[in-house]
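Single-structure report; data block below.
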Amino acid sequence: MRHDGRPDDALRPVRIEPDYLSQPLGSVLIALGETRVLCTASVEENVPTFLRELNEGWVTSEYAMLPAATNTRSPREVTRGRPSGRTMEIQRLIGRSLRAVVDRKALGPRTLWVDCDVLQADGGTRTAAITGGFVALALALRRLQEQGVIQAPVLTGQVAAVSVGILENRPVLDLDYVEDSAAEVDMNVVGTDDGRYVEIQGTAESTPFGRERLHEMLRLADKGLAELHNDQREALGARLETLLVPR
Amino acid sequence: MRHDGRPDDALRPVRIEPDYLSQPLGSVLIALGETRVLCTASVEENVPTFLRELNEGWVTSEYAMLPAATNTRSPREVTRGRPSGRTMEIQRLIGRSLRAVVDRKALGPRTLWVDCDVLQADGGTRTAAITGGFVALALALRRLQEQGVIQAPVLTGQVAAVSVGILENRPVLDLDYVEDSAAEVDMNVVGTDDGRYVEIQGTAESTPFGRERLHEMLRLADKGLAELHNDQREALGARLETLLVPR
Amino acid sequence: MRHDGRPDDALRPVRIEPDYLSQPLGSVLIALGETRVLCTASVEENVPTFLRELNEGWVTSEYAMLPAATNTRSPREVTRGRPSGRTMEIQRLIGRSLRAVVDRKALGPRTLWVDCDVLQADGGTRTAAITGGFVALALALRRLQEQGVIQAPVLTGQVAAVSVGILENRPVLDLDYVEDSAAEVDMNVVGTDDGRYVEIQGTAESTPFGRERLHEMLRLADKGLAELHNDQREALGARLETLLVPR
Amino acid sequence: MRHDGRPDDALRPVRIEPDYLSQPLGSVLIALGETRVLCTASVEENVPTFLRELNEGWVTSEYAMLPAATNTRSPREVTRGRPSGRTMEIQRLIGRSLRAVVDRKALGPRTLWVDCDVLQADGGTRTAAITGGFVALALALRRLQEQGVIQAPVLTGQVAAVSVGILENRPVLDLDYVEDSAAEVDMNVVGTDDGRYVEIQGTAESTPFGRERLHEMLRLADKGLAELHNDQREALGARLETLLVPR
Amino acid sequence: MRHDGRPDDALRPVRIEPDYLSQPLGSVLIALGETRVLCTASVEENVPTFLRELNEGWVTSEYAMLPAATNTRSPREVTRGRPSGRTMEIQRLIGRSLRAVVDRKALGPRTLWVDCDVLQADGGTRTAAITGGFVALALALRRLQEQGVIQAPVLTGQVAAVSVGILENRPVLDLDYVEDSAAEVDMNVVGTDDGRYVEIQGTAESTPFGRERLHEMLRLADKGLAELHNDQREALGARLETLLVPR
Amino acid sequence: MRHDGRPDDALRPVRIEPDYLSQPLGSVLIALGETRVLCTASVEENVPTFLRELNEGWVTSEYAMLPAATNTRSPREVTRGRPSGRTMEIQRLIGRSLRAVVDRKALGPRTLWVDCDVLQADGGTRTAAITGGFVALALALRRLQEQGVIQAPVLTGQVAAVSVGILENRPVLDLDYVEDSAAEVDMNVVGTDDGRYVEIQGTAESTPFGRERLHEMLRLADKGLAELHNDQREALGARLETLLVPR
């Protein structure tokens, strides 16, 4: 049994609260157990230099933890003058994951900024950020459609993320902080709603793993991803339909 | 009439939600109209160097705005490598204001960090941060009392803050963003619940002001502060009593 | 009696030395007791981005202390890589104060930089910087007039600043370093020569203050400001007249 | 056919030159096609704070590219003041990979720094850095053994890394720069000589990938890793034996 | 003839004003033509780490230019976050030059900070800083002797500096800004009062120079240094004697 | 006798390996005893702002040491966020030295970047960087000639550098690290192949030096420079001829 009573293949309770704030173009508060991430999406009518001539859009992400999000207060990164390596890894991952389901030609020459700020951290903050970030992105795109800024559907699918791992030699789904600290292997899987992978990052924290273990973890991840894609659809409701490129 | 229909001497609706998060020692979400500030209080069993030999405690504060808090997204300060002058001014103000009601001998050799993160900004973020920060601080102190870390009462009173200004030549209370941008004079007043001032910062944005105007603004501020002290008492309930040094 | 024998309502000896250097457009050495601030004013034929389309000018200020200005040598801020919060607060205050008496349309699309470098610090450096900075600014404007760069008068009045405080429960004018360290309340008042306020910043260092105390401090400040406006007029002599917008 | 005539499952020519420099404890120049990485290993008789009480050692890595390593000169990261997100990701990956085969108790309370400096880049610099870094680490450990600084064997195995990808819908091994820029999926696999994985990082650059594709890529990676482990053994010769913990 | 009427072998007028400020341990305002450098010397009862065990003292220097010191205002280095290469070169040079005449054993385990701040720049700021810095250092040492902090003489001689150059194919002494900008060769010479060199830095700005030219420049430098050593002696008067180690 | 058996007027063995890498425009590995510096030259079709209107080219240099280049590992400068004063001094020196033999009009509006990275340091890294940097620069210029990017000869001569010093009261040529640490005087001399000086930097580390000593050191430097100019000619062979402006 897991320390909080969950079966090995169960997610923690997920709650996705769309339109959490009134001012940003898109905003979502996602709860995954005790983890809380506020995801917002803003638009900027500009693209990075390397895209200037392509007439394509861009999606980028920034990630941060509030100082009191963790058990002991962590100093703000601005006091060190720069984001940590961990922060940069995570925000690059979120950006890549979201771009994987965006038709950048259809988006047009603008940038969507998806900000993921962790209000409370209990493991799985980067996967919650991707899952919630997708919803904030969709809400912002819907608003831009309503304003007539974009016309064509922009999303080629849904994207969500989940963590899996090997804990006491057993594959488990969605590790909280306590489990994550003790896991032998830790893997984050980002996947689309048609069952394919956008990103797989598996790390042996203490014990290298074989091919068989990899499969068992992927099977758990697939189950979790399907549930999260469903939660996203419920949160977005009818708004999702007009955004999806017909397959 | 003001643009949102309020009388000149009325605050916007205030909502103080204590224990907003489960992990930090103290946490509050304060709403002041559309402004939302998340205030948390954490303890560190250490004090700044200049206090080492005095056996006194310290209260300090950090303030930040999420990038999407404002109408147009603002870049995170970490990307510039340092807090702006505005941020530093505000967090120094919050820290001074909270220390004004703390008996640092009674607190003992520890530091309380009060983090104020603006989730949504519509004017008055620094005053909301002080008013909410006091509640987060009180909640954390109460928890430390329950844990037996501190014994004696630590607070010498309540502290709250409010903005006043001169708008179209009329003194008004609690300016929202639109009003603040148009005001001739802008003043922040920090006060204790016995009617005295901890800090007065008045700035003529366009037109210098005379002694008479100053009085009218202070009268409005006194009214607003009394209401906010009342809101703080309601949010804290019985928890406040054991924290207050008997006068 | 004050520790240096001054009455409670007396300024320290003030000396304003215009044209202290030969190269800058405007330069002043101001002495306030043992405090020495070198103020220079330079012009740049350019304005900040947010003013580009308005055809208005700008006045900005930078403030620094030489390392040996204080009793114990303080490290240069460049070695930490950024100005301290205190420095930023002060230079923002100087800039706002000087802009309050400048007709920015008449100045035209150029920036005046007022640099205030503290050669020796004994309390009151920010108020000396404002009082001296005004004189350096006026000298530079006069030079620009002589060069035909600007035609119309640019100044709407004089601005000066003074500190007041509550020390051993008595209101006193112009605190030196020793007094400032012991004061219960510390207030900086920036005012124009027609008796109005541009900025009031009062801080209870240890004891909150009531409305009555505020008045007594303002009365002292008014007296000090009147004397400083007079000193400015003497230092500038006839040069001031052509700069003042007729009231 | 690949653009350089290689079969899909072939590595580029590998050359590992041990003891490339005379001064560092361990040094290797590794060539992988046109890619050249200089790996050195240094010892420091100290460990990071979080290990102080555990009496364990640490292995960490830093990675950098010389400015002229790429086709167009890239500015040094020191001129921006900080390592890029890409650099931090890579050096964290190298460090984790090397630690996976180090018995940190046996190493004792010291840190091994493995510096990987890319002299010339043509794709695969991070995998070459891991493969070469292992050899530099082993050389340094051998030297420490000879000096009597460490006694027991410290390595639990060999670690190497290889890139695989999907290019024009075909799985290929060891992508050079031209291939990497065009690949649909890019995956770096870090593995030990007993056929297990330490790290798997697969990213869909343009097209999400299914479970089947993942397998094909892992099969290629396994083949490449076996060859690289062999190259490491040849470069180290007899020196490797005394370093390996008996299985 | 030179543009200001000086003969080729003449210094500009030199004025050394000791005790320019009242608070620092040692302070000097040195004028060299229109160049003005404020030199102060402070003591810190501490030495850099690498000297901890040697019981020796240290002399170090920092150099900066006020923004308005040059014809066009230069941004403060703190706004770029770090001293420029030029600043670092100069302050390292000043430090080395002053240490050359200090008996660091006799100084004992303390650091003397010599701050050289250029109030106005018209060429020769680094040489004026060395010449004036020596006087500030001597004044501070004298004060430490009077306080009984140091007993034995600390100075092994005087040190001063001068610039020479080749201008329109003629060797000239003490170049001002206009001459310096046009010179073919620029050389700074730091020398002791017994006619030896501490530092020679000659740079061909446009035309390499032969051995003969070098001699002619050194001959001019020797003449200028002798005059500056004399000016130093006059400024210090009797105070210099007790500081000099008997030869 | 010197500690490595060399006569006082002998260089350490010099090896210049042109075309060390395949990708950069010009690349050289220079060995001077145990010192190894990798010099590369890259072109950028752009010039610094201050040259925009002159239609002239620019040559600039950057210098760095790999962390393991020295006996004890030195932290990378990027981890401190900025180049040290020493690094900046050296790279400014290399740039000035190379520009002294470049006809910038003939180069045309482009920048040549010469990067000097020290792989292993045993004294004389800056002089090796200049000597090797010249060869890398020449190789790059030759390539640009072959590509037809530049037509006219660009070099007015060769430039090389050597260190000399006073060690145990004897003048010696080309100090290695051990000698450099013990030297009384340390001098770097940069010279052209027609026997003139571009830069002379002599520093008395412990004992000021007289005019006679200076001569003896320059005589040694001249001998060393002649040998290095010869080594450069051998490394470049026929390629040098077409680059030299006829005298």
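First chain written, first letter: the chains are A, B, C, D, E and F, and each begins at residue 1.
FYI, contacts are C-beta pairs under 8 Å (C-beta built on N, C-alpha and C of every residue); 3 or more make two chains touch, one makes a residue touch a chain.
These figures come from a predicted structure and were not determined experimentally.
Chains making contact with chain A as well as with chain D: none in this assembly. Distance from the chain E centre to the chain F centre is 29 Å, each centre being the mean of its Cα atoms. We define each chain's centre as the mean of its Cα atoms; on that basis chain A and chain E are separated by 60 Å. Here the spacing of chain B and chain D, counted between their Cα centres, is 51 Å. For chain E, the set of residues touching two or more other chains reads 81-83. One full turn of the ring, starting with chain D and passing chain F second, gives D, F, E, C, B, A.
Listed in rising order, the residues of chain C touching chain E in the complex are 21-24, 27, 34, 36, 38, 40-42, 44, 62, 64, 66-73, 76-79, 81-83, 113, 115, 117, 119-122.
Contact residues on chain A toward chain D in their complex (touch as defined above): 81-85, 88-89, 91-92, 96, 100, 187, 191-192, 194-204, 208-211, 214, 218.
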